[in-house]
Structure formats: C-alpha cells, structure tokens
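Letters A, B and C mark the chains as written, and numbering starts fresh at 1 in each.
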Amino acid sequence: MHMPGTSKGGLVFFVLVQIILLVLFAFFTDYDSKLLPNKGNATRDEPALVQKYPHFEDIHVMIFIGFGFLMTFLKKYGYSATGFNLWVAALVIQWAILMRGFFAMIHHGGHIGVSLDSMIGADIGSATVLISMGALLGRITPIQLLTMGLIEIVFFAGNEYLNVDLFRITDVGGSITIHAFGAYFGLACSLVLRPSSANAVTGENEGASYTSDIFAMVGSVFLWIYWPSFNSILVDGDQQERAILHTYLSLAACTVTTFCMSALLSKEKKFDMVHVQNSTLAGGVAVGSVCNLILHPWGAIMIGIISGVLSVVGYVYITPFLFSKLRLADTCGVNNLHGMPAVLSAIFSAIYAASATKETYGNQLIDIFPAMKQVGNNTEELEYVIGGYNRTSTQQGTYQLIGIVVTICIAVAGGVISGLILRSPLWNRLDHIDLHRDDVHWIIEEEEHEKKAHHNNTELHERKAHDNLNFIDS
Amino acid sequence: MHMPGTSKGGLVFFVLVQIILLVLFAFFTDYDSKLLPNKGNATRDEPALVQKYPHFEDIHVMIFIGFGFLMTFLKKYGYSATGFNLWVAALVIQWAILMRGFFAMIHHGGHIGVSLDSMIGADIGSATVLISMGALLGRITPIQLLTMGLIEIVFFAGNEYLNVDLFRITDVGGSITIHAFGAYFGLACSLVLRPSSANAVTGENEGASYTSDIFAMVGSVFLWIYWPSFNSILVDGDQQERAILHTYLSLAACTVTTFCMSALLSKEKKFDMVHVQNSTLAGGVAVGSVCNLILHPWGAIMIGIISGVLSVVGYVYITPFLFSKLRLADTCGVNNLHGMPAVLSAIFSAIYAASATKETYGNQLIDIFPAMKQVGNNTEELEYVIGGYNRTSTQQGTYQLIGIVVTICIAVAGGVISGLILRSPLWNRLDHIDLHRDDVHWIIEEEEHEKKAHHNNTELHERKAHDNLNFIDS
Amino acid sequence: MHMPGTSKGGLVFFVLVQIILLVLFAFFTDYDSKLLPNKGNATRDEPALVQKYPHFEDIHVMIFIGFGFLMTFLKKYGYSATGFNLWVAALVIQWAILMRGFFAMIHHGGHIGVSLDSMIGADIGSATVLISMGALLGRITPIQLLTMGLIEIVFFAGNEYLNVDLFRITDVGGSITIHAFGAYFGLACSLVLRPSSANAVTGENEGASYTSDIFAMVGSVFLWIYWPSFNSILVDGDQQERAILHTYLSLAACTVTTFCMSALLSKEKKFDMVHVQNSTLAGGVAVGSVCNLILHPWGAIMIGIISGVLSVVGYVYITPFLFSKLRLADTCGVNNLHGMPAVLSAIFSAIYAASATKETYGNQLIDIFPAMKQVGNNTEELEYVIGGYNRTSTQQGTYQLIGIVVTICIAVAGGVISGLILRSPLWNRLDHIDLHRDDVHWIIEEEEHEKKAHHNNTELHERKAHDNLNFIDS
C-alpha cells in the first residue's frame, strides 16, 4: 500500500520547527512593558479591562472556526479542513509574532515586545495562509501546507511593513495586505503546482455532500457575523464605529445580491451553496480598505451590491474559465471571495483617498492618511516614508493603487517560489487519486463491526455505507 | 418538470428592492453625530471602545447562527434553514434601520442617524421575522418569505413605536414587542395559508434526522448562551446586571424543568429533542419583559420553572390540537417557545409593575417606568405619551396588559394581511409534495459519480443513499 | 421491552430538586449590593458596562457548546452529549451558586450575594462535573449523572474553599481546583462503577463516525478559542493580559506538537481525531495555574510543547493500559486532557512560586501570593490562613504541591462515594448492551415512511440506514 500522505521526516522537521520557535522566542522576545507589574507605585490605578480582548476573540473565532468550517464543504475532507486549519494556524501565529516583530524592530530596535496587540496582528496575518490554503485545499499534503505557511508569513510580513509603514497606505480591514495577498499567493502557488494536462479534471471527491455543506455554513456564518470585528479592530472611537457599521451594511447588501444573482445565473433558478457560503462574504472584503472612511451608509451598501455581483460572476464564469484554460485550480474559489473583491476595495480606497478633504475629516485626516501631514521640508526628523510626507489627496490615492499592485506582485512572486519549493522531491506529493480525501491523512474507523455484520451482503460490499445510526432490533 | 420554487420575476424584484434600499439610505440617512470625526479639537479625548459592541455581536450570533441552525432540524431543509435565514435577515436589517428610523423621525425630525444603536435595533427587530419564519418553515417559497419580512417590519416598527414610545410600557427583553409579535404574526399568516383539508397531514419530510437534530442543537445552545445579552443590551449598570442574572437563572431552571417534563409526558419516559431544542429557551422569553426589575433570584427561577412546564405542555398538547382542529401549522412550534411564554412575561410585567414602589427602586423607578414621573399638570412641555404621565403603579401595570393585547391584535392583523398577499397569484406557491424540501430551491449535487458506479445495483436504485464517506478499496 | 433509561421516580426527584433550589434561593440569597439601584443620589454616575460580561460569555460558550459538542464524537450518542451536558450544567450552575456561597458565608456571614461574579464562579465550577461526565460518557443514565453532579459540587466547593481561601494557593486558571479535581473525581467514580470482567471490552458503539467527529471539532475548537478567557477571567490588568498571552502561546505550541506526535506514534503516520480534538487543548490546562505569573513567552511555549507530548502519550499508551489492567474506562480520556496536564501545571506552579521574587513582581507579589505578605506576628487581625502568613517563596511553592495532593485526595474520595451511591439499587443502571446509545434515552424518529417504502427490500431490513437525503424521483 502506498503512503502518499505524511512522512516521518516531515513530522520530525516540524517538531524541530516548534523547538526552534521556542528558542527564537527565548532570545528575541519579551513582554511589552504594559504586561509587567507596575513596580513604581504601591497603589495601582490601571484599567481592569484588556480593552480589545473581546474584539480579538471575535477574530479568533473567524480564524479557527470560520476558515476551518468554511472549508469542510468537501464531502470527504472535513477532518483535514478543520484539523489542518487548526494546525497550520497554530504554527503560523507563533511565526507571525516573530516575523512582524522583526520588521518592527527595524524601526524601533530592541527586543520584540509581545502583548495582545501581537496576538491580534498574528491572527490577522495567519488569515493570509488560510486564504492560500483555500486555493490549494485537498491538493497538497499537510507538510507542504505548513511549509508554505512558513514561507508565506515571511513575504506577508515584509509586504505589510512595506505598504503600511513605508508607503503609508490605509488598509484597516486588510483587504490589500491580507485578502489580496493571501489569494494571489495561493493562486500563484496553485499554478506552479497545477496538474499535468492528463489529470486536469476535477477529482471525483471534489464536491460537497448534504451534510458537509451544512457544516460549511457554520464557518461561513461565523465569518459573516464577526467580519465587522475583523475590519474594525485596528481603529478606535468614531473610526471604529464607522468600520463596524459599513461592514455590517456592506455584508447585508452583498448577501441579498448574492442570493438573487446565484439563482438568476443558474439554469433552473435555484440557489447554489457555493455562492451562499462564499460570495455573501465578499462585501466584507470589498469594504475592508475603506471601512473607516466617510463613505456614508449608502456608500457601504453600494460596495456590497457590486461585490456580490462580482463574486457570483467569478464563481460562475471566471473560475471554470481559469481551470479550463490555465489548469489553475482554486478549490474554494478564493479569487472570487478574497482576490477580486480586494482589488475592488483597493480601487475604492484610491477613489475615497483622492477625494478626502480636511473639511470632511478635520484633524482625523492625518490620523487616517499620515503621509498627508504637511511638514514642509522638515521631514528629516520624521520617520522614513517612501514617497514622503506632504502628500495631496490625489497622491495618496495613487499610493493606494501602488499598494495593491506591489502587493499582488510580491504575493505572486512568493507564491511561485513556494510552489517551486513544494514541487521539489523533498516532499511527498499527492497523486491524482489522493486528492480531497481524508483517508489519505487520517485514521478513520472503518466500522469493523458493521462490515462484519453485513459481510454476506455482497451488494453492499463495495459501498461500506456510512450510517450515522442503525438500531439493533429489539 | 415543474419549477415551484423561485421565479425570475421574484429574484429581479428583490434586486430592485436592494437598489431601492440603497437610494432610501442615500436620501434619508446619515451618520449619527458620534460617528463623525471630532473637528473642534486638535487633541481627541474619546473612548477607544464602542461600548456595546461585544453585546451586539452576541445578538448577531443569535440571529444568524442561533435562529438559522435551530431551524436545521428538518431532515431535508438544512440549506434553506441556514440560507434563507441569512438572506431574509440580511434584507430586513436594512429595512428595519429605515422603518425604525422613520418612526423615530416623528419625534425628532431631521434625517435618520445611523450608528451601532441602529444595528442593535435592526438585529433585534429582525428576530420578529425569523420567529414568524419558524411558524411557516418549509411551507412558503423564499420569495414569499422575503415579501412577508418586508411587510412584517412595517407593522413591527409601528407597534414598537406605539408601545415603547407612546404607551411607555417596559419591555427591555422584547418579550412583548418581539416574541409575542413575531409568533402571532407568523401564526396568523400560517392560518391564512393553511392547507386545504385534503392536504392537512404532516408532510413526509416534516421530520428530523439524527444529524439534522444535532445541527439544530448548535443553534439552540447558542441562543441559550447569548440570551442574557439579548435581554440586557438596552439597559445599563445595575439594571443590565440584573437582566443578565435573571435571564441566566430563568434559563437554567427552565432547562432542568423542560427535561423532566419532556420525559414525564412521553410514553416511554424518553426525552424529545424538540423540547430540548426549544422549550429550554422559554425561560429567556418568559423573563424578558421583567428581567431588569427587582425580581430577586428566586423570582427568576420561579418564572423559569413555570415557562418550562408551559412550553412542553404546549408542544405535547396544544400544537397538535391546533393543527387537527384549525389546520394551523406551526413547524417550529413558535407558539410554545415564543408566543405563550411572551404572554406569560407580559402578565408578570403587569404584576411587577403594579407592585413597584419608590422604596424598592429609588429614582430608578422613573427610568424604568417613565410615565410614572409625577409632573402634575405640567405635561404640555413633555413628549406626548398615550395615557399621560403621573401614572400610579397600578396604572402602569394596566398599560403592560394593554401593551400585550394591542401587540397581539396588530400582529394578527399584519399576519392576516401578509397571508392574503402571499396567497395572491403573483407568487409561486408550493405544492404539498414540495414542502420542507431543499431540492425544490437548491442545486444539490446528485453525486453523479456514485450513481454511475452503482447503476447496476437495482436494489439500490431508488434509494440514492447519501453516503458521507465511502472508501475506495485499496 | 426493557426500559433501562430514565425512571419516573428519577424525573420527579429532579423536579423536586429544582423546586428545592427555588426555596433555597429564596431563603439564602439576594442581590449583591451593586445590583441594586443607587438610591442615595438623584444623578447616577456608574459604569454603563458590566465589565467582565464579555469574558463570562466566552466561558459560557465553552461550558455549553465546548464541552457539549466535544462529547458528540461518539457515533450514536450525540443527542445525549449535547442534551445531557445542557441539562446537568443547567442544574449544577444553580447548585454551585449556593454551595460556593455557603462556603463564602463562613468568612463573611450574612446572605449569599449573587451577581455576575457568582455566575462566573458557577460556570467555572460546573466544568468539574462536565469533565467527570467525560470519563463516564455513555456509561451512566442521566439520572445518575445529575446525582453525581449534585454530590460533586459539594466536594468541589469545599475543596476550592480549602485551597484558595485557606491554603492560599494560586490557581487562576483552575488547573488544580477544576481540571485535576474533575478528572480524578470522574475517574474514581468510573473505577467504582467499572464493568465486571466479563463485560470489560469496549462496547460496539464506543466509536466515532465521520460526521460525529466533525461535530466534535465544533466543541473542541470553541474550547481552544476561548480558553484564554477561562484562564484570565479571575485576574485584571497586566495579570490578565499575561494570562491571555500565555494561554494563547501554550495552546499554539501544544497544537503543533500534538499533530506531530499523533502521526509519529501511529503505524501509518496518520493523524488521529481523538488527539486533535483533545490533546490540542492540554496546553490550556497545563498553563492554567501559572498563566498570570511571569513565565515569559518562551515559558508558555515550553509548557505547551511538554503538555502536547504528555497528552498524546497518555491517549496512546496510558488509557489503554488502565483499561486493560484495572478495567478503568475513561470514554473521553479526561486523564490525558485534564488530569495529567493539571498535575503538570501544579508542578510548574510550585517551581514558579518557589522562584518568585519581589524584584520580578514588585508589589504584585502579594496580590498573587497573599500568604507571602510579611505581617510579623500580627496575624490575629488578618483572615485565617492555613499555614499562616509570612511565607517564603519556597514555602509557597510547597503549598502549591500540597494543594494538588489534597485536591486529588478529596476528588478521589468524592468520586468513590459518588460511585458507591450510584451503584445502589435506587438507580437504574445501564446494561452492557445499552452503553453509548441515544435510543435508550431519546425518542428517535424511526423514519416510518422509509421503512414502509423499503419493507420489501429484505437485504436492507436489518440496516435501517440513516439517509440524510433521498430524493423522490421526479
């Protein structure tokens, strides 16, 4: 029997990775100062509340329940969807704390200070890997997946630093740095790992079952519910409340649109669970980069409607086209949920930035667009910003477009590099027959008892039906 | 092949509705002032935290996971339960922001200011439609459901305005304005749409499967967990903590009682999942209108016990009685979970209001019962209140009873009108054979591969068994 | 037909218990003063927010969704796992408020003041019963389970009072007082109720199905997500943020380790869902007693790695060994998830306490270890503390070890007593054939229609296959 899944070498390697992470944490990190006891004063006067913790927990649900269960839609890949999602995310959140910290050290020096803020950044960063995982779902081994995750986080942290710290683009919901990055990294990797033309048909297991599609709704609906938390966690006060409101309205309008489009584009005017599970969320992505700006409620609804149309059209026309023309597989359709809506969001961010005025935003203008600070020639004492301070609205809008273009380039480069590494003979690769199958990777109880009971039923011999419940006659 | 489900016309209509919502938001709404940047001061000193956001997210889980999954108990209707719940709620939250805003404009004029508070009110209001959906689950098309939702929100917002703003009843948990309203609106609609006597038998698909009942527990338990948030979100400080505590205790006592009653009223002393999924929640409804009052812990437990008995008795005796006598179908038994416990809550609210004293409540008395403010004849400068200020406790108790009676009348009137509209030939209606079936509305992968593999198995031909997992022999 | 499940007497008994709880609440409890209206001042100036409520709701999800769904992994016991978890927890949270309150009255006198804090203590306390339930899952009737819960809470509250109030051990995440207590109480009870040697084989229903294992992931992942809330709810400020961070890192490192160990210890290098569902959580237990101390991030990761190895080794070697040698059944493997990692946590707490210095902790030292307060001989005016004040670090470390030893002794004693009571002929007991089967306790729709349709299929007669979906040919 061949053993295509997990190799002993790969497992030992990731034990070592975990131990290396321990050593790196020991040498390079320590508590952020607010996590240390206040030694100066006998009487403490501190907030009892870790302010953003409830917000963080919402995102934590998105990462581990949301993404994990969204990917259970495949009928024979539910263990892997929930399990490998947990495994890879648990690995990359540790790695992301370090990598994001290393880039921050360029500015601030010293050790990497860890706190709830690090956890927030790490959870958000891990979403890039889970989005890329969606493109490749069922096509790579878990060892390949974890390897890709380690590589991706390096590129992610570099790109995030470049766009947010150096270009000073605005992207509080992460549409550019998370969604576009994760989608195009995963798609580039998928293209490098594409099947030979002989195998370029959808595998027999690449479909849903009735039960698996309802499990996927657990993930999808939790993502839908907590998306306002994802988009609003990095801002405060009125910016935060706008981010919450806009995401809520955009998702609602996107959902109504998605259902209508899903049935209208089908032959029999029936709804497709793929759209319901995924395209309903596109409104959260599409509003991400602009959610804290002054869009007005109708602006958020407009973005939601457009993104719903775009995403369903993507599933119906674009994904099949890419597969048939380029053999580019995209198991979860991340291009339709994350990729294209994120590009849409970046375009909107350019438009809204280019039209932002001091009349509308007051002093908050330079909170949101720090490079629009008017500092004259006095920039030497400020932090280094690529493109400089003193930006006009139009210049800032241009930088938003530069941001998405650079992000896609870095993501594609990183994805191609990852794909080339994963194709090396170091790693086991899955045969066509092993795609989208839990039994390649997991111990599955074969219900010996039932087999025995029915071994005379030759008609049933091949089926090994999975019965949730069968009563013993009493 | 007939196509009873979704018509192209209906889908296009709701695309238009979504566009009309966009236009209405553009013309009639804007940000509440606290969502705008503070332009006066260079230095901002605002709370970093959108205070009620975690509370709101709890309710958001109840609406989209709680109600959606509670309704997955039907064995062949899980896509529709979770999907149409999402669709209709996404539509009516937008509509509810507008309708509730229009009624508020009667008082305050100006535009409709939207904020997190609007989202809270909209999510709570959408519960009425989801409760009514429960009464009709599987019996109407999604186009009919959305139409009903649009109509219901108009009646809901009017009734809420009448009871809370004009009658000044207390109902912080929404037992009267949400639960009673939603249940009796849905039941009235169901009565108008009742089957012809020839079809008045339970459909063959109106039952649970082993898996669908466990999915329903996801919804039920999340409702149970977050119910204290639902009941307490509209109050602050000690009122909020009492609302939380009472809801917690009432639900706990109701749950213990429900299990005992469920088995005691069965033939073989076995538990019924219908009761466990639904009646355990009756304690949250029954305490809703009084949860912020001074009941003492034992008062909450007493209400929980009574509501558990009432709800199980409803499922065992009253629902079958109504169906056999009136052909009144109530798929989820909303009369037992929402209707009767809400009436119970209103009665308790009358009793507790009638016995409320300044000794017990201090100055909070007029926070809770604003119409009990003693203003002498000076009422002309106050807002208009039906029945006037200067109420005694007894008068306030009477108004609580007027509130529930008026609510039920408006709900029934609205439900009848909706039912008559939904019976019009404009809408497709479901035949008896199409009830409670996802395949009427959804694309369902028919597992072509399996069909092919087994097409020689004539014994299995009709069954098309749904196998979650079948291994390829290796 | 024999009726092994629930007896009328048992049901009536628990109706009485619920009524007795009502009476006890009426006589012994009242609101904590902060839940009463502020009668002194006309203008109120109170926090609008019930501060720890979001934290509490996270734990509430762990108790009712987390534990409930984690136990759905058995293929025919999903109704019981989710249902009886709800029932027993709803009962014992009421009882725990009273019992914890009675012990607090020893110190403070007066009535039992209830508030959100009581709810937090009660939810945490109920976890002990749910852990013990895990050891016995499927082997006892619900009436036996509830009886055990009532007994266990008495022992739990006494042990918690002894360790926290009298010994003054530190245990903010409850590894000692909750996890070790619950695990060894349950295992002791299981030992007393162990099968006769003739029946000492794993029952035919003691296994998972494909669907049931994915349901169990809902519970497991929610426990994983909210575990930082469980460990951090009893502390504030920087202690709380450390508790959050350490739990997060420990769980992440434990999860990576668990996956590697799971496959490395299997024959075919495949992953085992049992480990993924359970051992990934061991990091949360193992860091519990020390999570607010100054471990540094690497300390948390180290604890996570060790606990992951320990827990998987427990599942692979120790649980089968205990069953074969002692007939000690442990359905969920609570010794591996809760028992051994909790002992590990206690050992770490002794080490960290013994090395705690004023240099590191400042004045927080005596917040964390109150018995290290240097009071000279002046102890008569302080509260009574076993072992006294003026402790050195080493002494405090010793008390941490005394704490775990005493806890295990009390838990085992309580478990044995419970087991003896449950063996009395007063209670129905389950026959070997009735183990791990919902149909013993629950009404299950036998899909009469399908039976009728297929009654000629004699091959299928015995199977009564559970089909989630079968289409009517159209």
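One rule holds in what follows: contacts are C-beta pairs under 8 Å (C-beta built on N, C-alpha and C of every residue); 3 or more make two chains touch, one makes a residue touch a chain.
What you see is a predicted model; the values in this text were computed from it and never measured.
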item: Cα superposition angle of chain B on its copy chain C, in degrees to the nearest 5; value: 120
item: Copy pair chain A, chain C: interface residue numbering same or different (half cut); value: different
item: Approximate Å spacing (C-alpha centroids) for the pair chain A, chain C; value: 33
item: Residues of chain C touching at least two other chains; value: 54, 210-211, 218, 438, 444, 459, 465-466, 468-469
item: Chain A - residues contacting chain B, complex; value: 1, 51, 54-55, 58, 75-76, 204, 207-214, 217-218, 221-222, 224-226, 228-229, 232, 236-238, 240-242, 244-245, 248-249, 251-253, 255-257, 259-260, 263-264, 266, 268-273, 276, 280, 294, 296-298, 301-302, 305, 361-364, 433, 438-439, 444, 446, 459, 462-466, 468-469
item: Complex interface listing, chain B residues touching chain A; value: 3, 5-8, 11-12, 14-15, 17-19, 21-23, 25-26, 29-31, 34-39, 41-42, 44, 46-50, 53-54, 57, 60-61, 64-65, 68-69, 72, 78-79, 82-83, 86-87, 90-91, 93-94, 114-116, 118-119, 142, 210-211, 215, 218, 438, 441-445, 447, 449, 453-454, 457, 459-460, 465-474
